[in-house]
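These notes open a run of structures that come right after.
Okay, so chain A shows up in both of these, paired with chain B first and chain C after.
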Partner chain A sequence: MIKEDRKKQDLFWYVLVAILILIPFIPRVAANSFTQHVFILILLYASMSQAWNIIGGYCGQVSFGHSVFFGIGAYGAGMAIVKYGIVPWPGIVIGSLIATVVAVAISYPCFKLKGHYFAIATFAIVEIFNRLFMVWYWLNGALGLDYPMLKVGWKNFVWYKTKIPYYYGALILFVIIFGIVRFIERNRFGYYLKAVREDQETAEAVGINSAFIKLAAMALSAFLASFCGAFFVQYNFRVEPPMVMSLHVSMLFVLVTILGGVGTFFGPLLGAMILIPLQEYTRVYWGGLGSGVDLILFGFLIILIMVRQPKGIMGLINEFQNYRNRKRRRIISTEAEIN
Partner chain B sequence: MLEVCEVSKKFGSLVANNKISFNVEEGSIVGLIGPNGAGKTTLFNCITGMYRPTSGRVSFQGIDITNLPPYKVARLGAVRTFQIVHSLKEMSVFDNVLIGAYLREKNTEKARELTEQCIEICYLKKLRDNRAGDLAIGLQKRLELARALATNPKLLMLDECMAGLTSTEVNESVNLIKSLRDKGITFLIVEHIMEAVMPIADKVVVLNGGVKIAEDSPEAVVQDNRVIEAYLGQKYGKKCQLNSKERGK
Partner chain C sequence: MFFQIAIDGLLTGMVYALVASGLSLIWGVMDVLNFAHGEFLMLGMYVSYWLGFLMNLDPLISWIASGVFCFLLGVLTYKLIIQHTLSGPSLSALLATFGLSMMLKNIALNRFSPNFRILTGTLLDGKRIFLGNIVLPLPQLITSIFALVVVFIIYYIIKRTRLGWAIQATAMDKSAAELMGINTEKIFLLVFGLGGLCVGIAGGLLPSYLAVHPEVGGLFSLIAFVCVAMGGFGSIPGALLAALLIGLVEALSGFYIAPVFKYVAVFGLYLLIVMVRPKGLFGW
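Right after this comes the complex of A and B.
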């Protein structure tokens, strides 16, 4: 039965990727840069949230500190271009490595805390980094980094007139991050993550070094989140601390995943598919007045779904599938009786 | 195989274990009994590295494991189950056992095969796709045993794995333990159900108030006055004495 489910999931995944590759060819999307923008953000937020899902969902350590890693990744790319005037790639690599090191360094002491206390500690860390980056002269402090005009193309990873290459960039990021999580989910590491989430003592009792597993998950999660940050800055041509390193950004990581389904593979994508259109379309219709309307609606949705099913939308879908399977089995068994 | 040497554990001024020593020989089944609060679980925690003993030494196959963290003790081959079940509730029965199997087998396919075997041995095959949290408590205890078994242990330490089971289930578990012993696994069992421990144990260690009051074969232990007074009670002691006399005839 598990194998059957997996085959179904595999098929769904390949079809999904194929559809995503073809989306820019839909004429309505190709002509409308706003629609493209929405699709790009969906993919970006899905990837970000999936990165968070590794530690927050599969491993069960709810971190509100991911905007720090996201921000470090963004600053990595930004510094390479603005301060050093080179292509962003070395900056992205260095940024992601720094993000990983920072993640390990701050979570090592924080993992001594359990449950809510860990979450609260990570809250504080965002504030610390936000203040630090605001006054750090080398990083232009609160002014942030503004991109100069650059030559367009994959080398600089900037385009001004079209968004299609950004879409494919986001899609590559999406496929890589989702691919990694899919691989993890089916192998030893994924099962160990879940074991640590469910019960740390049991995990230790069967030979799992839970401290190491948590640190590894955090490192991987931060590493991937920083790539999303780098994409974000390349897309916006500017970065300043509140844009990337704030509780607001951290909350997005968490909320998107919670709405879609914590610790599920497709959850982050589902969450992003709901939040981003909500956010972008309310912004368009209400302009500046509407900032926050999306979060009001989103918060309301989360409350609604959580009351019914704490595993988010994926939980609802699974419930429905189980219900249908049971019904089908009942039909088969009654048919067998009749025959 | 396992040597517990003068282990003491103090919580503040409370002495939970006071200089307890005993050995577990390879291939044997050792029962650890005593009234509630005698320090059995504390001793277990000291052996498996969940607690650090205040003083004393624990060694397993000649390796000092006194200060090793629990996961290292488990990797050496001394695996425990818990008195209060610690199932991974959200995961299926199969996945629960798979977690154990991954300790020795990194390849997923092979780990799955091993898991199937362990599930079958522990009579859990029908339940393999159920959510572990949905099982009755007795079955969850057996699931703990299956998970520990999947790690391919040399020494299995069971903390009241039969409490709350029906007598049929107790019999199944007893038979299971016997057959596993025949396959070469050594057992250290904490148990309250005398009918389960006495017939299979090669040796029984009795604790009371944190002190070891007896260590002997089951037949000898049931005749020990201190043990009868502290734990078994007059009735059970007499019953056992009668039984052994009948057997003698």
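Right after this comes the complex of A and C.
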């Protein structure tokens, strides 16, 4: 039964990737750069939330500190281009390594904390990083890094006239991160993560080194998050501390995952598919007035979703599947009775 | 100079204590982090400000109005939002209050504009007491003492009255409390209201010396979170001690290191303390 489900999920995944590759060829998308922008953001936030999902969903350690790793990744790419005038790639690699080291250094003491204590410690870390980056002269402080005009192409990962290459860049990121999580999910490591989430003491009793597992998950999660940050700055041409390192940004990753379904494979994608268009379209239609109407609506919709469906969209889908399975079983049993 | 700054810090800390004790109550009883706590404070401040501006009411009177307003706000929040999210993972309540905070902040922005507003010409405006070479501005002093008194009253209610015992029982074991005939639904409702009342009173008094603007709550709620976590799960004395400590560290590091680093120092101190005591100062 499980094997069958997996095969179905595999098939669904390949079809999904194929559809995503073909999306820019839809005439309506190809003609409208705003639609492309929304699709790019959906892929970016789905990837970022999936990176969060490794530690927050599968391992059950709810961190609100992921904007720090996102920001370090963004600054890695930004510094390479703005301060050193080279291609972003070495900056991205260095940024991702720094993000991983920072994640391990921060998390090692923080993993002693549980539940809300851990969450609040991660808030504090975001605030500390935000304020340090605001006054860090080497990183241009609160002014942030502004991209100069660069040569277009994959070498600099910069385009001005079209968004299609960005879409494929985001798709590559998406496929890599989702692929890694898919691999983990069926791997020994994934089962360890889930064991630690369900009950740490029991997991330790059967011989799982829970401290190591949590650290490894955090390191992987931060490593992947930093790439999303680098993509964000390459797409945005500008980075400043409040844009990448704030509670608001961290919350968005958590929101996307929770909305889709925490600790599920397709959850982050589903969440991003709903939340990001909501954010972008409310911003476009009502945001221009500077009156905050878009954020009022966005906040209201978040409340509505949380109140109506606290378990996320995957919870809704699972309920539906259970209902269908029960119905099928009932049919089978009545057939057996007739025979 | 040191004493002047330390006293200023302690006065700020007392206000933090009142804000944090409201949060601590909610957290202790329901295990919910109310993200909109700072926005309740902001709205309480606006109530007091508008009463002062339009009707010439002094903050010393209008704190009652903003207290009642925030009590009702808390009750409504529980009824309309929190109640429905308790069945899901504990995160969903937090995220729902995050949505609420975003909504309230932007409603205030929309209605009242982002301008900084401050009440002038109040009863205590500009008055100060001199103790040797230490200056005590009267608005701060009265607000802080008032905040401290309210914290003690809340603490007394929790520890010494039948209602407080019911709240404690609900916090310890919800289903056992129900078996003892306690209406836990009502307790939850009341606790959320009381949490609102605490920030409402603080918010009612603050506009006499602190400018009101839509973003004012953000920092207060972060500091309140840190106070509560530093003090320990649902412990009001812990929150009080932590708030005083935070006020002190904030003022001293702002003066002796640099103003930009004062919150770095506060949050750094918090991290240091929870490394040593993972459940806070008074937690168990």
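Of note:
As a convention for this text, the second predicted complex is superposed on the first by the 315 of 339 C-alpha atoms of A that agree within 3 Å, B and C clash if a C-alpha of one lies under 4 Å from a C-alpha of the other, contacts with A are read in each partner's own complex, and residues count from 1 in each chain.
Simple rule for what comes next: contacts are C-beta pairs under 8 Å (C-beta built on N, C-alpha and C of every residue); 3 or more make two chains touch, one makes a residue touch a chain.
Quick caveat, the model's predicted, so the values are computed rather than measured.
Touched residues of chain A were counted for both chain B and chain C, and C has more of them. By the document's definition of touching, of the two partners only chain C reaches A:Lys112; chain B does not.
When the two complexes are overlaid on their common chain A, residue A:Ala203 makes contact with chain B while staying clear of chain C. In the superposition on chain A, contact of A:Ala219 is made with neither chain B nor chain C.
By the touch criterion defined above, A:Met306 lies against chain C but remains apart from chain B after alignment on the C-alpha atoms of chain A. Touch criterion met: A:Ile128 reaches chain C, while chain B stays clear of it.
Shared-chain residue A:Val262: touches chain C; no touch with chain B. Residue contacts after overlaying the shared chain place A:Val62 against chain C, while chain B stays out of touching range. Within chain A, not a single residue is touched by chain B in the first complex and by chain C in the second. Here chain A touches chain B in the complex through residues 1-2, 186-188, 191-192, 194-195, 198-199, 201-210, going by the rule given at the top. Every residue of chain A that touches chain C in the complex is listed here, in rising order: 62, 109-110, 112-117, 119-121, 123-125, 127-128, 131-132, 134-135, 247, 251, 254-255, 258, 262, 291-293, 295-296, 298-303, 306-308, 310-311. Within the complex, the chain C residues that touch chain A are 27, 31, 33, 80-81, 84-85, 87-96, 98-107, 109-110, 222, 225-226, 228-229, 260-261, 263-264, 267-268, 270-271, 274-275, 278-280.
Those residues of chain B whose C-beta lies close enough to touch chain A in the complex are 48, 50, 69-72, 74-75, 79-82, 86-91, 94-95, 98-100, 102-103, 106, 108, 111, 129, 147-148, 150-151.
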